[in-house]
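First chain A sits with chain B, and in the next complex the same chain sits with chain C.
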Partner chain A sequence: MNLSLIRIIAGATFRESFRSKSFVMLLVLYLAGTCIAPIVGWISGTDGSIVTADLIFSLLSIVGVLVATATGTALVHTEIKQHTLYTVLSRPIHRWQFVCGKYLGLCAALIAGQLIMLATGLTMMALNGLSLHIGLLWAGLLITLEVCIMAAVSLTWTALSSPLLAAVFSLATYAVGHFVHGLPGLMYHLEGVQIMLVAGLASLIPDLGYYAYRNEAIYGMPAGSDELIALPYALCWITLLLFITTSVIRRKQL
Partner chain B sequence: MNETPVIEARGVGFTYTGNWLQKITALHDVTVSVPTGSIFGYLGANGAGKSTLIKLMMGLLRGHSGQIRLFGEDIGNPKQRTHLGYLPEQPFFYENLQVHEYLSYLGHLSGLDSATLKRNAERVYELLDLGDLRKRKLGSFSKGMRQRFGLAQTIIHEPKLIVLDEPFSGLDPLWRARFRQIFTEENKRGATLFFSSHILSDIEDLCTHYAVIDHGRVLEQNRLDALFEQAPLQLIGTGPMPKEATRASDNSWTWVFNDDQRQASLDAVHACGGSILRLERQKLGLEEYFVQRVAEHHAAGPATKEGGSI
Partner chain C sequence: MKRRAAFWSVVILCGCCVLAWNVQRFVGAKAVYRSSSHLDFVPSPAMARAMSLGHRNTFAKLRWIQSFSYAQHQFEARDDTIAGSDRRGGFVRLYETLLHLDPYFEPYYTHGTLMTSGIVGDHQSALYFLWSGIHILPHNFSIWNNAAAHIVSFFDYENRHPHLMQALLEEWVACMEYPEQTSLPLHWISGLGTRKSSVELQQARYWVQKAHETSRNHWQYSFIRSRALIALSKLGIHYLTPLLVEAPLVHTAPVDFQKLGLNRALQLSDIQLTNKKTIGQLLQYGILSHDPAIGYQLNPDPFGFPWLLSSEGIISTGLERAYFDDRLASYSRQLRGAIELKHKRPQNQAELEEWGIVLPEPPVGCTISIDDNHFRAVYDRSASFESFLPEAQ
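Coming up: the complex of A and B.
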């Protein structure tokens, strides 16, 4: 297994993604949002600091997912549609190395973007006199993990469908992924086969509730057991999704 | 020239699955053999199946019948592509990478170390006049500039086999001439060149071998000089002329015949008392030969041309 080839592909993908217009535009959108957040907090009738922090962290999650979806779907689609991968796959590499390299490069760009946004958000909170604590950093890192899962989700949907459909399916996966975490509490009126059926269907979607610690963090609540399994859970899903993407790309006629 | 084929396709067939599972057969029983050290022109009209065979060789398309061998081994092992350079038709590249970053990326993927890469990059910058553009992003390149960069990435690792799909597309006459010069230099370096084109004058100037493909079938392949040897003889004479000859404007006449009619034709000229000024082989253009060969194939009937529009 030649990992250096994956590293080379990841490096080029990182540069390409980090410099893409959609990536930069969404980062600018986030920066604009963090500037507006204190004003929204100030004009809200409730606790302004909570509203400001909530807005900054919600933007971090939403913009992160949008960047992952936009960049992830465009990445593979552009490669296939514009044939940019012809000059890459005609080199001595396997297609799985190409997919892994693309994903890791995209993730590196997304993580860099998330860290820039998190640092900006925390700085903005500090400048507005909000107290910072380790829980906020932990919440930001969990959102980053969630974004990495969403990058894998968008790559898989792009391999299976068109970029527009892939974007729609990815965002739907994000919405359903947050819904399934609260599903056990809603199944009290179901029984037997119904429970198995619903639980079975829910297991087909990554449970993104593990990464929704931001509300608790803003209110200063400690992390629970859910957050502890967030990393291994993310790695399992990413591995599975990359396996599916690779299986599809390997069979694709280019 | 070593006669071990660097590319060998035997009985290759390929069918695309189009929209609504429609089957389109792009290649039928294609057999092509490309000798090491040759410059091999692969001729065909648009949709004849040229790019399909190339994509199969590159591993970009899968599921063919028959056998394709590169460097004497069945395709499938990516390591074979270490010594292979490929310029796709109308190449596109990542828009946000600079020229030097992209060359470094693809050079490293081909296994070059940093020192060799640096040396080879300087060589291709000079060959393709890209030195001043090394910091430019490829998204700002025109079609011709992309083609130049495309060739740069093809030869950056000094491959033994260079596969070019319509390499002259989008180039002005000066750069077409420069490309031809580079191809000749690469061939002298020891590379085998395999390229598809429908600009036949370019192939005629460069190639040592050729194959003609139409509707997914290879109609013919040969050495280019053997093709020229097939051209008919042309006798130019004066005085009394045989009845088969054609009178020219300057009192001379011309008679065209094949090699097997040579002695009989000379005897006929002597018998009628004519004088021979010149006996030479007629210049046969590849373009007219190609048109004639494809027309013959079309005239042979629909059964032989069921290939798709690929």
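Coming up: the complex of A and C.
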């Protein structure tokens, strides 16, 4: 197994992602959002620190997922459009190495972006009077894991469809992924076969509710068992999605 | 070169115009209270949780902020019925959803109590929110304080179930994390056996404390202030009535209290003057003032209007006006319904009566106008209170 090839592809993807306009623009959007968030806090009639912190963490998740989707769906497509993919694939390299390299590079860029956003967000929270604690870092880490899953999801959808559709499907997966976490509370509306059907379909979607610890972290609540299984759960989904992506790309006539 | 300079001049000019146009909207702008009669979209807690897509806190807080306009409307309308199969009021449904989504945010408990109890008068639901708050945030002083005040004010636990009240206060002390937070419940416990606090006193204490805690710029301040004034007026009536009934002043017709010289009346009432606690309460809440040179002085009622003494007891003319404003709110609802039905505003009193809206007799110095499909009572503070008196009429 030649890991250096993966490292080279990952490095190139990292540089490419970090320099992409959509990546930078979304980071700027996040910074603008964090500056505006305290205004909502002031309107609330409270001291505003909690409201601001909630908004900042929500932005961290939403912008992170948007970056993962925008960058992830454009990665392979840009390679094909610029004909650079053929140069890469003409080398003695397996498709799985290409997919893993691309994913790891994308993840590295996303993690770097998340760290920048988290640092900015925490600074803004501290300026707004919220006392910082380790739980907030843990919440930020879980959001980063969520973004990594979404990067894998967007890569899979890109392999299965066009970039535009892949972006739409990825965002839909994010929405449904959070919706399924609250689904057990709505099952009383269903009966018989409906329960089996809905439970079966919901099981096919990554449950992103495990990464929403931010809602408790803001108040300094300790992490529960859900948060502890978040990492192995994310690794399982990422491996599965990369396997699907590799299988699809291997069968593609490029 | 010239063309380039001209191009940039036009761009800068346009930029300045747009900027000036936007800025001028803020110059001299007055605060406008948003008011909405609709409380759209109050999903069930489980549905709201699923729909928030993992952003429960943000979803709840934005929904809460959006509901302020509905609360503003309810200050006048006092009709919390909203659409849907759930027969409970809008506030109960809203705060139940908010608390399910974001249970650790303390203001939901205090605001939920204020809305359901203070506006709609649903004290049971308010108590439910406070108990939920104690369950979720057991170390929160403010929620305990609100719960204890609420249970005394609206359920009279100090008199009806003093042992339960004491147990509650002891539990409050046990739950506090810092010693300074226990002084209030400990004082309360120590006074529980000896003090016979009236409901009026508890209400006044509750609302005055709320008014002190709320910023003047807060959107609820005017409502809380009006509740505090009402509670203080009731307190004044409660304490002044026995004070003057026992005074050797018997009046069959209303008289302006201040004109009688209350100082003399109080001095004549030896029994009550010796009750230093009562006098202390009256002084504390500004109903009386004390000047060593003159003695006790009766201040105007908390609304700034005179107290009147009639054969039935003491009247706070400011409170009478506040009650009239409350009554007017229900007529405003009728008016809005009639305007929506007829697609026009009434031109005069006769047309209003033709529509079936007969307004009650306004208090002295009050004129009623129609403003934005609402009745507004405007009071002339300079109006003579002599007209209250039968001799002057």
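The rule we apply is simple: the second predicted complex is superposed on the first by the 246 of 254 C-alpha atoms of A that agree within 3 Å, B and C clash if a C-alpha of one lies under 4 Å from a C-alpha of the other, contacts with A are read in each partner's own complex, and residues count from 1 in each chain.
Here is the rule we use: contacts are C-beta pairs under 8 Å (C-beta built on N, C-alpha and C of every residue); 3 or more make two chains touch, one makes a residue touch a chain.
Source: prediction; values computed, not measured.
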Checklist line | chain C versus chain B, contacts on chain A by residue | finding: C
Margin query: Is A:H83 touching anything from chain B or chain C once the two structures are fitted on A? First, second, both or neither.
Written below: first
Next item on the list: Classify the contacts of A:R19 with the two partner chains as first (chain B alone), second (chain C alone), both, or neither.
Entry: first
Next item on the list: Would you check which partner chain A:S44 touches, where first means chain B only, second means chain C only, and both and neither mean what they say?
Entry: second
Checklist line | chain B versus chain C as contact partner of A:A70, first or second or both or neither | finding: neither
Margin query: Looking at A:G209, would you say it contacts chain B, chain C, both, or neither? Reply first, second, both or neither.
Written below: second
Next item on the list: For A:H94, select first, second, both or neither according to whether it touches chain B, chain C, the two together, or no partner.
Entry: first
Note to self: A:L145 in the overlay: touching chain B, chain C, both, or neither? Say first, second, both or neither.
What the structure shows: neither
Notebook entry, point to check: Once the shared chain is lined up, is A:F179 touching chain B (first), chain C (second), both, or neither of them?
Noted result: second
Item checked: Contacts on chain A seen with chain B and repeated with chain C across the two complexes -> none
Next item on the list: Within their complex, state which residues of chain B touch chain A.
Entry: 16-17, 55, 58-63, 78-82, 84, 86, 88, 90-97, 101-102, 105-106, 108-111, 150, 153, 163
Notebook entry, point to check: Where on chain A is chain C touching in the complex?
Noted result: 40, 43-46, 50-51, 54-55, 57-58, 61-62, 174-175, 178-179, 181-183, 185-186, 208-209, 211-212, 214-216, 218-219, 221
Check: Of all residues in chain A, which touch chain B in the complex?
Finding: 5, 8-9, 11-12, 15-16, 19-20, 82-84, 86-94, 251, 253-254
Item checked: Interface residues, chain C side, partner chain A - complex -> 46-47, 49-58, 61-62, 64-65, 68, 102, 104-105, 107, 215, 218-220
